[in-house]
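Look at the two complexes coming up: chain A is in both, with chain B in one and chain C in the other.
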Partner chain A sequence: MTVPVTGKSGSGAGAVTWLRRNLFRSPLDSVITIISAVIAAWVVYKTVNFIFVTGRWEIIRRNEKLLMLGRFPEVHVLRWSITAVTLAGWGGLIAGILRARQIASGSIVPDAPFSARRLGDLAARFWIPAVVVLLTLGLASSSGPWITAVLAVVAAIAGRLIGPFIGRVKLGRGANATLYTFLAVLPVALYFYVVDAVGFDDWGGFTLNLFLAVVSIILCFPLGVMLALGRRSKLPLVQLVSTAYVELVRGAPLFVLLLLANVALQFFIPASLAPSKATRSIVVFTLFTAAYMAEIVRGGLQSVPTGQSEAAKALGLSPARQTGLVVLPQALRNVIPAQIGQLISLFKDTSLAGIAMGLFDVLNVASAIPAQGDFRGQGLIGETLAFTALLFWAVSYTMSRESQRLEKRLGVGTR
Partner chain B sequence: MIKKNKANKVGGAAGNDKDPVPEDSQEDDAVGGAGPSGGASVADVDLNVIDVTEAPTTSAATGVAAEVFADATEAGGTGEAMITLDKVDKFFGDFQALTDINLNVGKKEVVVVIGPSGSGKSTMIRCINRLEEHDAGRIIVDGTELSNDLRNIQEIRRETGMVFQGFNLFPHLSVLDNITLAPRNVRKFAKKKAEAEAMELLERVRIPEQAGKYPGQLSGGQQQRVAIARALAMNPKVMLFDEPTSALDPEMIGEVLDTMKDLAQEGMTMICVTHEMGFAREVADRVVFMADGQIVEVGNPEHFFTSPREERTQLFLSQIL
Partner chain C sequence: MVSAPVSATRVPIWRNVRVLQWIFQLLVLLFAVLVLAWLWGNYQTNSERLNIPTDLGYLDNPAAFEITGNSMSQNAPVRTALYEGFLNTLRISVAGIIAATLLGTIVGIARLSQNWLVSKIATVYVEAVRNVPLAIFVVAGLSAIVFGVLPNIQEAWDLGFLVASNRGIAVPWFEGGTGGGLLLLGLAAAAVAWGVARWRRSVSERTGEPPRSGLFAGGAFVVAMIVGWFALGYSATLPNVDGRRTAGGIRVDPSFFALFFALVVYTASHIAEIVRGSIQSVPKGQGEAASALALSGFQRMINVILPQAFRVAIPPLGNQYLNLIKNSSLGAAIGYYDLTLVTQTTVGNGSPAIPAFALTMVIYIGISLFTSVFVNIANRRLALVER
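After this line comes the complex of A and B, so read on.
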């Protein structure tokens, strides 16, 4: 029906032609176009109206700390600022080191340091999370978040600028191991620094969702790969256990598993020994997502032609190296979109932890605050849920964008 | 050098009552005729062969399988055996892919294997480095017998380079990394040493300028030459070529064959499965003709292309030449 026409629509006459060709080609086209336009306009009007006119965002402004950090004691919030700034610097440092090493190994071509293209690239990658962060800061009732955000940006830039100097230094095996250990231990140390102060009873909000997601993602990935390899193993027992695990875990709803971990664990473990609710959530998220990752990775393994492992065999590579150096890298590369999809799904599923486990996560906060004294009876759940959805969307969308970038970098589809 | 009659089992009695090969059923009848006649003409063939053989290679004749082994060790190349296949059988399920394969390849010898598709050529050379497992008989590579012991298999694979029809380069690695992967991980070379050797190999296959590219950026002929360099990087004693030019555009076949000729002239022991008869004629010390999973005829190229003895061979040559 409608045939998109690639042509200049700059001039007025051109625009009219374009409209006629693409939107009003036949009477039916015209009717569809008009109906669609009316629906779209109505949706946009209602949305804009909600955001700028009817929406009462005071509830978000007043409860912002609760939505982000939960009931984190005010005296310890400084720990959060320090953690956020350190993590930003850490991320910048890693990016700088990796880039310098990639340039040194010749896998990427160095670029002018501050070219317009690179700045534009950076803006295109991160403008959505940046806008959401600015929005959140705009609603903040104190100067603390602002100072933290500015310092975090400064730390990230500083890390990114210092990183290449470390990356360019040729390090021995030992020094290299020390560097990586330091970079790996730092976030763990920060975790203890934060949790030491409050524990999971008081930590909540969106940062808890992020924390649950990040830890589960890091843990589920190797487990999923191991299960995928296990399912293809020639050892019958390994194959059986892997297959049984995947089929069993995939068969149960995540919500049920979370409830089980919350309620049924006490039948097996005395209450004094039971792990915290957050730990239990992480275990459930990890085990659940690992089963799905296993199937995705298995699909990836099957997509690698047998000629690849034959060539690796013929070169005399050991079975472990055939898999680790030849087959697995290609398999994982081939299924990046599906893997990232699963991880985005995991990230959003952390919102189940609040209701199922009684954690004070962002959704739990968002459903609870409309019942606060000042706001009771005003029906503000729409506002709080919209804000929650925006937070999840910004992170999910960024993950998706970054995965597309990764795909392009690793040259998916350009064999 | 003594001209020796290389005994080779021709598919006389054994060959004809087995399962027909699905792909070339029309050629089965030809084998049926070839068997008995081959068995009857031993004496004539011997005379013929001795007349035409000048090179220190062997010629084919029918004979008792037991003699094959003893005779073959003295035959081909320098006379010392590099690869020995002794009564090798291979089944895919009920289908017998290889039947009583006896072949000796001497050091520095170039053996070209020809035959119709489905005749077991690829299966035979894939058995040599255990990409396929043989079901009966013995395979000995440079004194090491292929067994189920993984260390044993690894040792043979390290000494055996293989080049595939479909190149099978690793698409996620650069050309240089493709070549250095095995030396660094199997021979435990330092990165620098491995890369220096890889560059030498790329010079040898005449594409040093492609070192930093990825396989997907190269032409088919270049990819296959990288694959040859990759196999050579393990410093193998034997090179197995499994139809290395079949997947190439015609204009690229020459460059790959030239590389293989260089290799042959440098004294590499080679087994090539190929349909390039010109290459066989020019480079081969011996030509092996296979049909229906059996070695039908073995001879030096001149004998082979001018006066093939077996009807089955004659038919095949008449179809392709």
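After this line comes the complex of A and C, so read on.
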């Protein structure tokens, strides 16, 4: 690539201009710059000092399994490894199939598979989670996580390479349905594979946080869509029921709902059905997020022009088909970024389950391990909380960046 | 064209859209009622079986616990404890909302600053804080900052007017002053403030200076309150270290401090994004026009851009305020006696769980509704009137 290079002699002057324009525009600006530079330098110094000098990371090294998996029995950890590798391959496969279908339908232009641009793009998108994963691996005390990670990467790449072959084949209706069913059932099967060895109540650590968030966001989806449709319905009773639900749930704090579920759910549900703590938290997260999801979907429904449903009506579609085939797909597409935002917020809120219900989630582990025999009284909670915050941050930040990217690609608000 | 004669046969009842719609609605309602009735029935049978009351009679039982930093006695009824918890929730919410709005606005403006360093710092702050759970800030606020940074009471930082230790931060506070006298003083100060506001308006009409009556009236109110306070013989005390505790002044509990820190830092990062978005939504011409009128950068921001930006920002800001109020319930995790912790404690002391939590929930929903009504009024008054 040839980029016109500005004269080398001018680069020094360019730097001075840049400084003058961006840092020392006026006397006041210079003062602000100097003050904030001092503060920034202090914060950076403190952080670097904490990470490399004063931080005692032994506690993380020794408790990494606890932070990641909770009290999951050591014998069965292999099942998580197999699950992780399979999920990586599954994700790669779906990405490959989707891309091939998009190319086939002409919605994206194919690009050389290993062009420097695409590799650079991938690196820019995923270097943060990659660094965090490497860091976590570096702190691991056994070789298990390493093997899992390497196999997972291999599986993801393999899936991504096989996917396009499946995606390019024109499948009949039956075959297509089988493929989708297989892809949808696989994670559920993996869940049963893990839960078969260790009951859901003994799960813990960061995996539990991830699992709670993903399951609740999926479960809340049908309820949320129904509430949104109900709230926009012309039928007064339906509207009343949906609006009352949404507004009441949105007015109550999630933390109090979790506390209530912890002490009170057994009163409302017969003893035979009374679910375990982890299940209870899923019930609360689902019912709570459904109200927010309803508002998001309602926004999406409002963003679909009336002409769309009028056109559907003119084609003689029944009201259910007008909504299901014409309005709802467009509405849901428009709100994908907002839904990811809700997923991020739910993911962060899963840390409340540990505090309110005593689940052994990552935050609960992080506040408990500084009191372990070997580490007691050394004030190590800063280290454990920092590590926990890093895990949450890396996942949330990556998701929000990906959602911004998706927003641009979907062209929300630009068409 | 001759229209075909309308057929005399009516639409059969099972295909009449209106009938079907009503049947559907009744089914939905029936379903909702059945679910509620099932839950309610289970609740009644289980409560009866376990012999747990289902009414609000527990409010008169003694609370049997103390609230840190409060003079409430152990024998006070649960009612009083709940009221104190409610006040604590209000305190943290009001303080948090004010501080988070200020910090968030500053950070939001800083993100758009032309100063590269300032805007980078603001960006890093927002991106780092927004993606970390609030619960971590709350726990960190108490254990890492209060107990990690602040000293023991024996070696408290005593600045004369301020005593900081891990027992809390003590600041000067007023003493004395009760019911009637306080009310009279408040009324008198309000009258002074009203007079000052009128005087400012008349000055403004005569000379054309900006009236700034709100600012002057607020200042006059504070000055009148303080002067009147001491004129009536009330006093104020400075905090000092007294053995293993602080005496005098008012002590802000460590849990309040930690919760306040967490709520402000976290909510400010969300408010900053709202402020940034709404500043960007103000047409560029407004800022250029302000520059053309030779306003300084500060004047341009305060007088031209921010008033228009906040008009856009009010609904999402209101949402953040509601979130902050609801998030303040996390104080229960670190021992701040807000509504949630008071309820949790009374339930631990034998109050029936469901009435207690239901009442708390109703109070929270009430606060939320009240706040959103307030925000809606503000929004309606500030919204641009369009055709």
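Basically, the second predicted complex is superposed on the first by the 386 of 415 C-alpha atoms of A that agree within 3 Å, B and C clash if a C-alpha of one lies under 4 Å from a C-alpha of the other, contacts with A are read in each partner's own complex, and residues count from 1 in each chain.
One rule holds in what follows: a contact is a pair of C-beta atoms (placed from the backbone, for glycine too) under 8 Å apart; a residue touches a chain by one contact, two chains touch by 3 or more.
The model shown is predicted, which means the values in this text are computed figures rather than measured ones.
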Report task. Check whether A:Thr33 is in contact with chain B, with chain C, with both or with neither, and answer first, second, both or neither. Result -> second
Query raised in the report: Which partner does A:Leu410 reach: the first (chain B), the second (chain C), both, or neither?
Result: first
Query raised in the report: After lining up the shared chain so the two structures overlap, which partner does A:Gly199 touch, if you call chain B first and chain C second: first, second, both or neither?
Result: neither
Requested in this report: Examine A:Pro73 and indicate which partner it touches, taking first as chain B and second as chain C; both and neither are also allowed.
Outcome: neither
Query raised in the report: Touching A:Leu235, do we find chain B (first), chain C (second), both, or neither?
Result: second
Query raised in the report: Which chain, chain B or chain C, is in touch with more residues of chain A?
Result: C
Report task. Once the structures are superposed on A, label A:Gln308 by its partner contacts, choosing first (chain B), second (chain C), both or neither. Result -> first
Query raised in the report: So, does A:Leu259 touch the first partner chain B, the second partner chain C, both, or neither?
Result: second
Query raised in the report: Looking at the overlay, what does A:Val326 touch: chain B (first), chain C (second), both, or neither?
Result: first
Report task. Once the two structures are superposed, pull the chain A residues common to the chain B and chain C interfaces. Result -> none
Requested in this report: Would you mind writing out the residues of chain A in touch with chain B in their complex?
Outcome: 106, 305, 307-308, 310-319, 321, 325-326, 329-330, 333, 410-411, 414-415
Query raised in the report: Touching chain A in the complex: which residues of chain C?
Result: 21, 24-26, 28-29, 32, 39, 42-43, 46-47, 114-118, 121, 127-128, 130-136, 139-140, 143-144, 147-148, 326-327, 329-330, 332-333, 340, 343-344, 347, 353-354, 357, 360-361, 364-365, 368-369
**Report entry** Touch list for chain B against partner chain A, complex
**Finding:** 129-131, 150, 154, 157-158, 160-162, 164, 166, 168-172, 181-182, 185-186, 212, 214-216, 227, 230-231, 234
Query - Residues of chain A that touch chain C when the two form their complex - result: 22-23, 25, 29, 32-33, 36-37, 39-40, 230, 235-238, 241, 248, 250-257, 259-260, 263-264, 266-270, 344, 348-349, 351-352, 354-355, 363, 367, 379, 381-382, 385, 388-389, 392-393, 396-397, 400
